[in-house]
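Submitted below is the structure of interest, expressed as structure tokens.
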Amino acid sequence: MPQPHRKMSSKAGLAPGSLVHVGRSRTEKAGITWIRFDEDCFEEREIRSLQESLPPGPEGGITWIDFEGVHELETIEEIGKLYGLHPLTLEDIVNSEQRPKMEDYGEYIYIVLKLLSYSRQTGSLNSDQVNLVFKPGMVLSFREAKTDVFEPLKERLRKGKGRLRKQGSDYLAYALMDCIIDRYFILLDELGDKIEAIQEEVVSTPSRGTLQRIYRIKHDMVELRRFIWPLRDFINLMLRGEIPLIEEHTRLYLRDLYDHTMQVIETIDTFRDTLSGLIDIYLSSISNKMNEIMKVLTIIATIFIPLTFIAGVYGMNFENMPELKWRWGYPVTWGLMTAVAVVMLIYFRKKKWL
Amino acid sequence: MPQPHRKMSSKAGLAPGSLVHVGRSRTEKAGITWIRFDEDCFEEREIRSLQESLPPGPEGGITWIDFEGVHELETIEEIGKLYGLHPLTLEDIVNSEQRPKMEDYGEYIYIVLKLLSYSRQTGSLNSDQVNLVFKPGMVLSFREAKTDVFEPLKERLRKGKGRLRKQGSDYLAYALMDCIIDRYFILLDELGDKIEAIQEEVVSTPSRGTLQRIYRIKHDMVELRRFIWPLRDFINLMLRGEIPLIEEHTRLYLRDLYDHTMQVIETIDTFRDTLSGLIDIYLSSISNKMNEIMKVLTIIATIFIPLTFIAGVYGMNFENMPELKWRWGYPVTWGLMTAVAVVMLIYFRKKKWL
Amino acid sequence: MPQPHRKMSSKAGLAPGSLVHVGRSRTEKAGITWIRFDEDCFEEREIRSLQESLPPGPEGGITWIDFEGVHELETIEEIGKLYGLHPLTLEDIVNSEQRPKMEDYGEYIYIVLKLLSYSRQTGSLNSDQVNLVFKPGMVLSFREAKTDVFEPLKERLRKGKGRLRKQGSDYLAYALMDCIIDRYFILLDELGDKIEAIQEEVVSTPSRGTLQRIYRIKHDMVELRRFIWPLRDFINLMLRGEIPLIEEHTRLYLRDLYDHTMQVIETIDTFRDTLSGLIDIYLSSISNKMNEIMKVLTIIATIFIPLTFIAGVYGMNFENMPELKWRWGYPVTWGLMTAVAVVMLIYFRKKKWL
Amino acid sequence: MPQPHRKMSSKAGLAPGSLVHVGRSRTEKAGITWIRFDEDCFEEREIRSLQESLPPGPEGGITWIDFEGVHELETIEEIGKLYGLHPLTLEDIVNSEQRPKMEDYGEYIYIVLKLLSYSRQTGSLNSDQVNLVFKPGMVLSFREAKTDVFEPLKERLRKGKGRLRKQGSDYLAYALMDCIIDRYFILLDELGDKIEAIQEEVVSTPSRGTLQRIYRIKHDMVELRRFIWPLRDFINLMLRGEIPLIEEHTRLYLRDLYDHTMQVIETIDTFRDTLSGLIDIYLSSISNKMNEIMKVLTIIATIFIPLTFIAGVYGMNFENMPELKWRWGYPVTWGLMTAVAVVMLIYFRKKKWL
Amino acid sequence: MPQPHRKMSSKAGLAPGSLVHVGRSRTEKAGITWIRFDEDCFEEREIRSLQESLPPGPEGGITWIDFEGVHELETIEEIGKLYGLHPLTLEDIVNSEQRPKMEDYGEYIYIVLKLLSYSRQTGSLNSDQVNLVFKPGMVLSFREAKTDVFEPLKERLRKGKGRLRKQGSDYLAYALMDCIIDRYFILLDELGDKIEAIQEEVVSTPSRGTLQRIYRIKHDMVELRRFIWPLRDFINLMLRGEIPLIEEHTRLYLRDLYDHTMQVIETIDTFRDTLSGLIDIYLSSISNKMNEIMKVLTIIATIFIPLTFIAGVYGMNFENMPELKWRWGYPVTWGLMTAVAVVMLIYFRKKKWL
């Protein structure tokens, strides 16, 4: 069973807005990718320090800066000053235990999402926080860990295919969100395969570990739901047109995103339902097995106990036991014992216990 | 147990609006039926390519184009251009894993429904997606699979009976939805029959498979509910008059449709309730059976164990056992054993265990 | 267990507004009672055909036509034309599988209610649909079956007692609804008696049938709730003053009706709660009984098994068993066996198993 | 288990507004207390008939008439006429099966509350209905039974302490409600004591009656919740300022009342949660006990069955059994038997069954 | 199991606004800390009586008076008069059984929070009430018990770090709330550790106490949720801008607080889910253990019962038993018995019972 608690308490007592990195400790240098594009041109650079990130460029177009690693607090602080981010935004970016949320700071929109995957090594659910900030002409993305989740998007930008290059920063933010939600479907597929394997196991070879495995997946599902449920609310808010930074025409695409989110939630609910059913079937399987064993005991014991009694009777040493001296005493006793056994078997069969 | 996951993940990483067919792979040619009618005349043609589908006709009247098969992506793309459908609409049409929904694109309304049936071969729930698009004077319907669900409607159109020929495209769209929801009642009847059969089974011959069968139906019910629940919301939205493309007078009929949807949902809920009860009765049945077996063991063992002990005592080989030499020793022992057995039987009967 | 499904599917594929009688098939002639009254005069006639139903009368006053039997489709159709009822209203009147509902058709209000009773013969819940239509000066009531539910009301009208004769058609409609909801209290009393009887049974003589009886009542309760829950919503709507056909002053009475409905719902919920408790007590009762039996087996077996072993030892035929030849061998053995039994009994008593 | 149904059905078929006393039948004379006070003076009289109740007094001030007993229908009817109460109000006052509610009749506010207590004799929950009617300058209270619930309030009025004498009739009505809700805390204390006693019982001496006692309290809790839940809604309505008869400044006090109601509800919910936990612990306790017994059986039987078999073998009467004639046959057999027993005991201990 | 009831009933019958101390009785003197600061200067004094607390100071700046101990009713009453607090506010401050709430009294805001911790001695959940009152330029905090919860905040004020010294009293009130909510994370960590320990125990050495320990934590969780849930509502209210005393710019920080509250609630829900799973695993663990024991009994009994029967047969004393005289009778019997045992073992292995 995965550990259910997180070390949020390390921040207790600090002033709000204090930058404290909460998350897996990392040492490698954070990677920064700077991208500027408009309908006609596209420029991409791997940069080391933030000063580099501001090449003079033509007016218009969209700048996207993609940060990998949020553990370098000075870099984050510098970014905050450079782009006018609120201290609370910065605090949330470096704290990887945020709930998914969208916050409208007036000048910019701040979005927290979770990138979920199954870790190959531990087999447990892995969540990496992705932070998005966008304002007109500018998108910032902060990722807790190195992943290739935005690769297909960058590829599409480079090739200039699709709507991406012609739209505003709100559409780019949508596209980034879409990349992350697409990953949930891959995760659901993996979960589905796991559940199918457990279904097999429950019916054929239920063991003590089966139950624990079911509960572990159930627990993952609860986690998953917890990370996806808030999406539903804030995407709905965004598509209803109450956020001025989001253009009318991007909203149609957000509706599509909303649909995907609902699909993920519904699939999770179906999975949970299936798992609940599996627990019941498992328990009934186990008790069925036990019952079968008990039945065999009952039948063998019930048949032999009276027979043993009969044998016991004629093992008594009374001097005056006429049966012992009868010529047919022994075979008659055998006959009696056989008769008792047969009657019992017939009774059991009539009762459908055999 | 049916497989709980779907291969939505195949689309991960693609640009939104990319046309990818998600669903059972099919090879046969898609069928296109072109219908134009007004109050006075009616015309119907099976066409092969879309160019054919635009015979010059008199002004007014309603055109309904009914597509069977959504796997031919070029055809779908062509339709999209011809009738001004948004790329997201097209993407949803060819993706058979959509949730039921209604989307107002301003110029047209896009509706996704599920046609549900039990497959004869596998005995599992089968869902075919039906997509409806309507705008003034025009209805497009896209069906994933070949079914006769719209046959009665076409027949009514041909005969010119009823309101159908006199109303607008919103009424035709309503009529198409009505055809699909009517099918749910047939499905509920089949489910009802299945549940009744299981009720019989639970009470008379509960076996290990019974529980699995109950859970399979329960799972189908969850699926069913998932496909019907969104209907409730969007039909309610349509009848509240917030969609300008739907005329005042069609709304009365949508209210009727809403009622049917509620009836389906309530019946599903009653079924689920019945199934939950059946699970409890099944479990209690099984444990009752076990208890009966245990009772027999207990009673036989409890009676014979003391008797066997008595026989054992007089089977001992002590030289100095006066009872063995008594004349009436043997019969008295028999009497003693009978007495013990009778006392026990009386005790059991008093305790109502017999 | 009652059959959970209904044959709604017989209407699949028909045009909306098609008149198809859904319900128990009946052959007797429908009965029509025509009543006209105002504050001063009262007239009542049993009529055979609808033409009769229109005697020229003085201006003002209220006409109430009460139809018993909705299976004569021509009569219903004729009524529809005569009083300007919408085809959907007519379709619903002849379809006895409607959910309770209120529909505002502008000119008139259409209300569907369920008259519920326990059938004496089958002991199962019986639901008869009652349809009410009212507009200024006119109330139509359609009852699926012959019942005396409106008798007290007619009596009050005849005697001219109370407010009834002075009020409008909305008050008469209210009074009709009140008659039906009053019946629910009688039904609840019957259910309460049944539950009390089962309570007795669960505690004193729980048998296998008890559980099935509990589930049958629970199922009836679900049905009941399903029929009454919609009342709550639409009566609330009516009393909030959003239906113009209902006068200010009738609303106070509707509030009373609402209260009654809430009382019925709360009583049902209390009953359901009690039934859930009964199931738990039943299961615990059954397992208690089993445990008692097992305890007796355990104690008897546990005491006699060691004793039988001792007897077995001295039943061995070794030539060299000194104990067998001791003078006090036999009595000492008896003493040993008694001691073992006593020690065990003391142990059991200390453990509180006796 | 308390009887779950009420005889509401006795009113079925009567006209709305008919005065029928529903509740415990009573014969004693109803008591009427007439109180008039303002900031400066206070007057209190026990009166017999209503004519007495109207002594001419100075203008201003508040009149509170407190009725004990609602079974004298003529008195109630007279009051109704005198103070202009609606027939539905009168009907509800004499019907003790009302749900708690507040009704705004425009000229006056009508409030129904339940005074709850545990009956000393039967140990079951007792509910007495209290009806309040207030309008500017006048408060009427109708109590089903004689209680001292308003005594502290009257005492405070007599002594002229606190705000009471300076405020309007809405504040007096609030104070009356406060008296009743204060009683709920006393009831909760009694319930808490009962639950604590059962907790003891479940852990130390769980018996068959324990479960029934738990369910009885759980049932009381459901009743309690049913009586208190509506309070929450209508007090909230009153404090939101939508009832014109309630002054701005009384609302602060109603907010306090609301808080108390929430506290009662939360305590009930905590109690219910505790009771659910107790049921689980009880069931697990019972099955633990059974398991312990079974374990003893198993261990004793498992050890002695093989030993008895060995003894049985050497009790056989074959002529040719060389072991029987060996010199050390008997002691070796004992050794063998001891060895078997010891091995088994070690095995059991290793398995942690001992 | 913790006692579930509280002695709220001690106040029944008193006038609203009466000051009665409800909570742990205390005797030590209440401590009062007086702090005045603005952006430039900071002054802090421990004072004994309230008269001291009003040193003449420069205009502007914020005064924070922090009271430790609410059992000195005269002091509280004096404060009330001095700062114009409503009697209901005072009543709530001295009553430690309040629910968390925020009340807008127009001139000031009154907030009740709970400081939660695990008591080292009893291991049970401890709740101390903290009352906050703030109006422009003034914050009052009343704490039931001596804790160091506000120490870090005071330290930050003294050092003049951060926003605190530059903001209004609403920000200070926010900062105080933040201190308390930060403590919840520490509590959650402790709870998480406890749950992890129980997970270990359930899987490795489940005992009877395990279940009770699980339920105790579950109960704490219910308490916790009850104390935190209202926070969610009133913080949401505060950040939505409906409370005029809270400035626009403090709301961003309240949004952060809201987020923390949601995180606490979600963690509690995850914990509860985990605990429910643990109960199931515990129960299944216990029954698995029992089943294993039963299986051993069954197998040993089932094998030896037939063997003992065979031995019993040849222990009979019939004169005419030819087998007894056969030369190979004895070894053949052994062979027979071995064969029976082997066949049984093979059968069991085939059935996978071994």
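Going by the order they are written in, the chains are A, B, C, D and E; count residues from 1 in each one.
What we mean here is this: a residue touches a chain if its C-beta (ideal position, glycine included) is under 8 Å from a C-beta of that chain, and two chains touch if they have at least 3 such contacts.
On a predicted model such as this, the values are computed, not experimentally measured, just so you know.
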(message) Same residues or different residues where chain A meets chain B? The copies count as same if more than half of the interface numbers are shared.
(response) different
(request) Starting from the mean Cα coordinates of chain D and chain E, work out the distance between those two points in Å. (result) 26
(message) Quick check: how many Å separate the C-alpha centres of chain B and chain E?
(response) 42
(request) Please set out, as single numbers or ranges, the residues of chain E touching at least two other chains. (result) 287, 294, 297, 301, 305, 308, 312, 315-317, 321
(request) Output the circular ordering of the chains, read from chain B in the direction of chain C. (result) B, C, D, E, A
(request) Could you pull out which chain C residues touch chain D in their complex? (result) 152, 156, 161-164, 175, 178-179, 182-183, 185-186, 188-189, 191-193, 195-196, 199, 203, 252-253, 255-256, 259, 262-263, 266-267, 269-271, 273-274, 277, 280-281, 284-285, 287-288, 291, 294-295, 297-298, 301-302, 305-306, 308-309, 312-313, 315-321, 351, 353
(message) Give the list of chain A residues in touch with chain E in this complex.
(response) 1, 3-9, 11-17, 86, 88, 91-92, 97-99, 101, 103, 105, 208, 211-212, 215, 218-219, 222-223, 226, 279, 283, 286-287, 290, 292-294, 296-297, 300-301, 304-305, 307-308, 311-312, 314-317, 321, 323-330, 333
